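Notes follow the structure.
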Amino acid sequence: MSGHGLLATFETEAALVEAARAVDSAGHAIVDAYAPYSIEGWPALAHAEASRVGWACLSGGVLGAVGGLTLQAWTSAVSWPLDIGGKPVLAWLAFIPVAFELMVLGAAAGAGLSFLILSRLRPRWRQPGLRDTWPHDRFVLEVAAAGKCDSKLPIRCCARWVRW
Amino acid sequence: MFDASTDGPSFEAFWDRSLRDGWTRRSDPAVAALHFDVSQVPSSVPATSRALGTLVLIGYPTVALLDGRQAFNPWLLELPDPVTKVTWESGASVSPATARVLGVSDGDLIRIAPARDAEWASKATADDLTVEVPIVVQPGQHDDVIAVPIGYGQRATQRFAGIGPRWLGADTSDRARVGANIAPLLARARPGEGVAPTPVRVTVVGRRRELARTQDHSWLQASGRDAWGTEASGALIRFAEAGTAPRPTQSETEPGGPDLWPDERQQLGPRWGMAIDLDACTGCSACVVACQVENNTPVVGRDEVRRHREMHWLRIDRYYLERPSGVAVAHQPMTCHQCGHAPCETVCPVLATTRSSDGLNQQIYSRCVGTRYCMNNCPFKVRRFNWFDYAHDERMENLVLNPDVTVRSRGVAEKCTFCVQRIQDARLAARLRGEEPADGDIVPACAQTCAASAITFGDLNDPHSRVRARTGDGRAYTLLEGLNLQPAITYLAMQRRDRSPDDDVDGN
Amino acid sequence: MSMATDPPARMPEASASSEQGALTRAMTDLGGAALGRPLRGWWACFAVAVLALAVGVVAVTYQLRTGIGTWGLNRSVGWAYDITNFVFWIGVGHAGTLISAILLLFRQRWRAGVSRAAETMTIIAIVCAAIFPVIHLGRPWLMLWVLPLPNSRGPLWVNFSSPLTWDVFAILTYFVVSLLFWYLGLLPDFASLSHAATGWRRRVFGLLSLGWNGSLRTWARYERTCLLLAGLATALVISVHSVVSFDFAASLVPGWHTTIFPPYFVVGAIFSGMAMVLALLVVMRRAMALQSYVTLQQLDAMCKIMLATSGLLGLAYLIETMTALYGNHGPDRFMLMLRMQGPLAAYYWAMIACNVLVPQLLWSGRVRRNRPLVFAIALLALAGMWLERFLIIVGSLQRDFLPSGWVDYLPTRIEVATLVGSFGLFLVCFLLFCRWLPVVSIAESRAGHRTRLRVADR
Amino acid sequence: MPARTLGLAAISVAALALLVWVLVHWRLPGNDAGYTPVQPIAFSHRLHSTDLQINCLYCHAGANTARYAGMPAANVCMNCHRFVAAPTQAVKDEQWRAAREGRDVRRIVSDAMRTLYRAQGLDDALRPDPKITPQPIAWVRVTQFPDFAYFDHRAHSRVGIECQRCHGEVQTFERTRQDQSLSMGSCVACHRESNRQGVNGMAVQASLDCVSCHR
C-alpha cells in the first residue's frame, strides 16, 4: 500500500481521543493509534474489526478436547487395549482430566498464537518503522490521507507527514 | 585335593563327581561345622526364683542357621526369624515383664555374663565370656528366661556383615561380624551335661543397636490408637472359640457390592490362584528363601533391613493374640495377591504393571520408571523397590542366579510373579506335547519347598483343580474383602481350640 | 494546527504534563532495576540463595548417581519429602494465577501492583515443583515414558487411568498457560524498557518485545487475549490442584481416599500461595522502595484472602474430623486418631496452629498493617502447609491396611538438602527476576495513573 | 533472479532434502535393523545354505528343540572342513600349477580355514600344534535380545514359523546381518497378525501378555 499518512503526537489520552473523534467525523480513516496503555472503547472509535482471537481460542479448545479424547480412546482401546485393574478399556470417566487439560492448553495456545500472528508480533532484531521513535509515554494518532499532503485535518498538535 | 576331599574313598568316584558337580568339598578343620546336640537340651526350664538381673540363658538353634553350620549363607542371615522377625542379629529375647523390670526395650544392648555364683566362672574368665547383645522383647516367653540364638558371631560372617549398598548414609558401625557367639557361656555350663540352661547375670549397657527387624506391629488386640489395624487384621486370622467352627470372615467393611463397571472380560483360559492353609503353616520360612533363590532377589544387608527395605517377595506375617491361656502366635504367608481389580495397575502411569490373560498381575521391569505409586496403593504392601543397584559384579556369585528370571536394575518395582517363569515353561512343555498343563504341573518355588504342603497352586477356573476345591473349604476367606480386589490368594483360616489356663502348658 | 513541512528525525519533545510525568516516572521507577540500577542487599540475598541451591544440586546429583535409596523411603512409605515438596510448590504457585486471573476477571484493580511478582512466583514455583516428580523416579532418565510418544514397543502408550498421567498433563498445561500469560503481560514493558535502555539491553529487550509498538488495535486484541487467558487460567487454577489431589483421592490408601481433597487442596494452595506472595512483597516493597506501587491497602487485601482461606482450611479439617467421627468407617476413624495421637501428632497440632489458629490474628487491622508480623504469619503458614502435605502423605502411608506393613519414616540428610535446594532455586530465580525484569507491571501502573487522574478530574 | 530469491530457493531445497533424508532414515530408538558386524571368519550363509543346500538345523540344531537355536561348535564346521580347506578354484589352480611344474599337489588352506584350524590348535595339516592354544572362535553376536526379554525358539518352530520370518533371507546373506528391527513392536505386530490370520493356515494363540516375554 502506498500513500500518505499523518502522525500526530499528543501528551494526554484525552487529547488523542478528542482528535480521533474529530478526524473520524471529518471522514478521514484512522489507521491506528499508539499508546502506552490500552484505551477503553478504542476499537469502536476507530471502526476496528472484531477481534478473531476469541474464535481462535474456541477452535483451539475444541481441537484440544476432541484431540485429547481421541488420543486417549485410540491408544487405550484401539491401538493396544490392555487390561488395567480389570477396568473397561474405554474408561471414559478417567479420560476427563486429560481431555480437560488439553482443551485448556489448546484454547490458550489458540488465543496466544492468534494474538501474536494477528498482531504481527515476532522476535525482530530491528524494530519496525514507528517502533523506534515511538515515545513510550505519549500518544500517537495515525491518519491516512487520501490525497496529497495538504489535506485539511482537524488536528491541533505537533504532527508530521509520513509516507509509506 | 583328593586327599583333602571328603567325597568317598575312590579317586575315580571323586573325579566323576567333581566333574559332574563342578565343585568339590574339602574338609578343613578350621571351618569344620560345629554340630549342636539338641538332644542334650532339657525340655523345660527349671522354675527357680532368681534375684533381679539373674536369668536363665537358653541358647536355641534358629531355623535359618541351625547350630551355626549355615552361618555362611547370606540368604539365611537375612531370613527373618519366624517368631522374633529379627535378621542379621542374635537378639536376646526376654519377656515383656522382664524387659520392664530391666528397663529395656527392643534394641537396648545388654551384657550377659556368667552368674556370680557359678563355681566355674572365675573373675577373669567371666569378663572374657561376657557378650553384648540387643534385647528383643518376646511376648509369651517365660519371665526367668533369656533366650539367645546360637551359631552367630562367627568370624567367617565378617564377609557378609557389611553386605549391602555403599552410600553416604549407610551405617558402617557394626560390620565386624553378625551377632554374638554365646557358645562359650553355654559350653562351660555344668561340665559333662552338655548345653543346659545357664544362670547368667544381665546388665544393661546403656547403648542401643537398632534391630534389623521386618515387622514392627504385631498385636491383634484392640488397644487405643491401633484400634483399626486390629479390626482389619483381627479378621485376617480367626481363632475359633472352643468348639465352634470358624466361619469365613470379613474385613472392616461389607464385601464389595456391585461393580461400577461391567466385568466384560470373561476369562476363557486359566486363572492362576493359590490357597494357603494357615493351619498347616508353621512359619518355618523355607518358602521365603526358596522364593529368594528362585527369583534372584537380592540380599540387601543389615542396614537396609533396618530401613525396612528387605526385598523378600514372600514374607510371613506373624501376629500375636492375647488369649486366656497365654499368647497365641499366628503366621500368615503374604505375597502378591494377583488381584483381579488390582489397585497397583490403575495407578501406574507407564503401563508397567497390567493384568495378563491368565489373571496374573504382571510387572514389567524394563518398562518401570519407578514412581512407587503401585507400592503405595498396594493394600498388602507386597511390592518391593530396588532402592539401589544391588550389584551382581562378582562373576562367581552370578552363577547362583536363575537364568530364567530377569535381574532387576536400580529404580524398578518388583513383586511376586507366582513364578511366572515356571508357569510359562510348564505351559510350553505341555503345548509341545499338544495339551494344556495338568493340575499340579505348575509348582511355584514356595509351594515346592513347603514341607507342610500349606500352599496349593493351580487354576481357579478349572472346576477339578485342587486349589479350586480348597477355595470352597469352610475355612476359606480372602483378605480385605471390602476393597473388592478379587485376589487370587485364598487363606484357610486357622482353627485353634482355645485352651483354658488350667491346661498343661506343654500340651497342645 | 501546526504542521511540520520538514519531518524531524525524532518526534518532537512534548512538555511534561502531570499525566505524562507520572507515566515517565512509572517507567523509570519500575524499570530501574532492569535498566541497571543497583538494588540494596541483592548480592547478599543472592549469595545465600546460590548457596542453598548448591546444596540442593549436590544432594540431587548424589541421589541421581547413587539411587533413591539415599532417601529415607521404605517398602511402605514410597513417597515422602519428594511429593510433599511437589504438592507444596504447586500450591504456592496457585497464588499467582489467582491474582492475575481470578482477580482480573473480578476486576479487582488492586491486583495491578502485585500481579507481576505473583505471576513470576507462580512460574518459578511450578519449575521447583516439577523437578520433584522427575527426580523422585527410580529411573529419571526414562521420564519421557510418561508421555504418549510414538515408540517401537508395540507401540506401547501410557495409562490414561493413572492420576500420575493426569498430573503430567495438568502440570504441563499449567506451566505453558502461566508462562504465556506472564510473557504477554511483559510484552509492553519490554517495549518500554527497550525504548529507555541503551546498548545491549536495548537490543535484548527489543528482541523480547516482539516488535510491540503500542498500537491500539494490538492493545484491544491484547486485552481480549488476556481476558480469555484469565478465564482459562481460572479453570486451571481450580483444576490443577484438584488433579494433584487425585493422586491421593483416587487411590485406596486410608487417609488419601477422600472426596473432600480437591476443594481442600485448592483452598490450601491459595492459602500457601498468598502467604508466599505476602512474604515476598513485604520484603521487596521495602528493599526496592515500591511503597507507591505496592500499597498497604493491597497487602491488607491479601491478608484478608489469607484469612478467608485459612477459615476454609479450618472448615476442611473440621469436616474431615466430623466425617470420620460420624461415618463409622474404620479406616477413617483410625486415620483421625492416628493424626491426633500417632507418631506424627506433633506435626498435626503444629499444622493446626500454623494454618488455622495463627492466621486468626489477621482479623485485627493493626496486625494486618504490621508488616513484620504479617511476614512472620506468612512464613508460619508456609510451614504449616508443608506440614499438612507431609502429614497426608507420610502419615497415611506409614499406617495402612495390614499392621505388618506399618513402618515409620525418617528423612535422610539428602532429602533435607533437596528441600533446601528447592528453596534455593526458587530464591535464585526470583532474585534474578527482581534484578532483570520490572517487578511491577509498567503498563498497568500507567493505566492505574490514568484511572486515578480520571477520578481526580471528576 | 535476485540474490534473495536464490537464497530462499537454496534454503527450501536444502530443507526439502533434509526432510526426505529424515523420512527415509527415520527409525525409532532401539531399532538395530541392518547391524552387520565383521566376523572373525568371513562366513557366507549364501554359500552354505543356497549353493551347498545345507539345512539351517545342521548347524543351528537347537532351533527346534531348545530355547536357543545355538551357534555351532567348531567341530561341526570340521565335519566338512576337515576335507574342504579352500575354495574349489584355488584347489584347481594349484592342481594345474603342480601339473605344469611337475610336482606334487600341495594342500591349499584358505585364510578363513586357517583361522578355523588355529582356533582348535591345529596346523594346516590338521595335526595338533602344541604351540597354539585352542581358543573358541569369537563370533560377534548379531541377533541379541536384551536380558529382560525371553524368546523360546521351540514355541515358534513348533507352529512352523520359518527362520526367515525373523532373521530375514539369511540364506542369501554374504555376511550375516540383523534383518529386522526385532524390537518389541515387531514381536507384538507378528503376534497380533498370527492371531488374526493364523500361521500356515493353522489357528494359533500367540499371547500378547507381557509375561510371555518379560519375566
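In order of appearance the chains are A, B, C and D, and numbering begins at 1 in each one.
Heads up, the rule we're going with is that contacts are C-beta pairs under 8 Å (C-beta built on N, C-alpha and C of every residue); 3 or more make two chains touch, one makes a residue touch a chain.
Here the structure is a predicted model, which means the values were calculated and not measured.
A.B. asks: In terms of C-beta pairs in contact, which of B-C and A-B ranks higher?
C.D. replies: Most C-beta pairs in contact, of the two: B-C.
A.B. asks: Using mean Cα positions as chain centres, tell me which chain lies farthest from chain A.
C.D. replies: Comparing chain centres, B lies farthest from chain A.
A.B. asks: Can you give the whole-Å distance between the Cα centres of chain B and chain C?
C.D. replies: 48
A.B. asks: Which integer distance in Å separates the CA centroid of chain A from that of chain B?
C.D. replies: Spacing between the chain centres: roughly 69 Å.
A.B. asks: Rounded to the nearest whole Å, what is the centre-to-centre distance of chain A and chain C, using the mean of the C-alpha atoms as each centre?
C.D. replies: Once rounded, the distance between the two centres reads 28 Å.
A.B. asks: Between chain A and chain D, what is the separation of their C-alpha centroids in Å?
C.D. replies: 62
A.B. asks: Would you pick out the residues of chain B that each touch at least 2 other chains?
C.D. replies: 343, 346, 351, 354, 356-357, 367
A.B. asks: What residues in chain D touch two or more of the other chains?
C.D. replies: 188
A.B. asks: Send over the residues of chain C in touch with two or more other chains.
C.D. replies: 154-159, 161, 163, 165
A.B. asks: Which stretch or stretches of chain B touch chain D in the complex?
C.D. replies: 354, 356-358, 360, 362, 364-367, 404-407, 417, 420-421, 424, 428, 431-432
A.B. asks: Once bound in the complex, which stretches of chain D touch chain B?
C.D. replies: Residues in contact with chain B: 146-150, 152, 154-155, 158, 207-212, 214-215.
A.B. asks: Can you check the complex and tell me which residues of chain C touch chain B?
C.D. replies: 62, 66-70, 72-76, 78-79, 133, 136-140, 142-143, 145-146, 156-159, 161-165, 168, 247, 250-254, 329-331, 333-335, 337-338, 341-342, 397, 399-408, 412-414
A.B. asks: Applying the document's contact rule, which stretches of chain B touch chain C when the two form their complex?
C.D. replies: Touch residues, chain B against chain C: 165, 167-169, 215-220, 224-233, 236, 252-253, 304, 307-310, 315, 317-319, 332, 334, 343, 346-351, 367-373, 375-377, 379-381, 383-389, 409-413, 479-480, 483.
A.B. asks: Which residues, counting only chain D, touch chain C once they are in their complex?
C.D. replies: Residues of chain D touching chain C: 28-31, 181, 183-186, 188-189.
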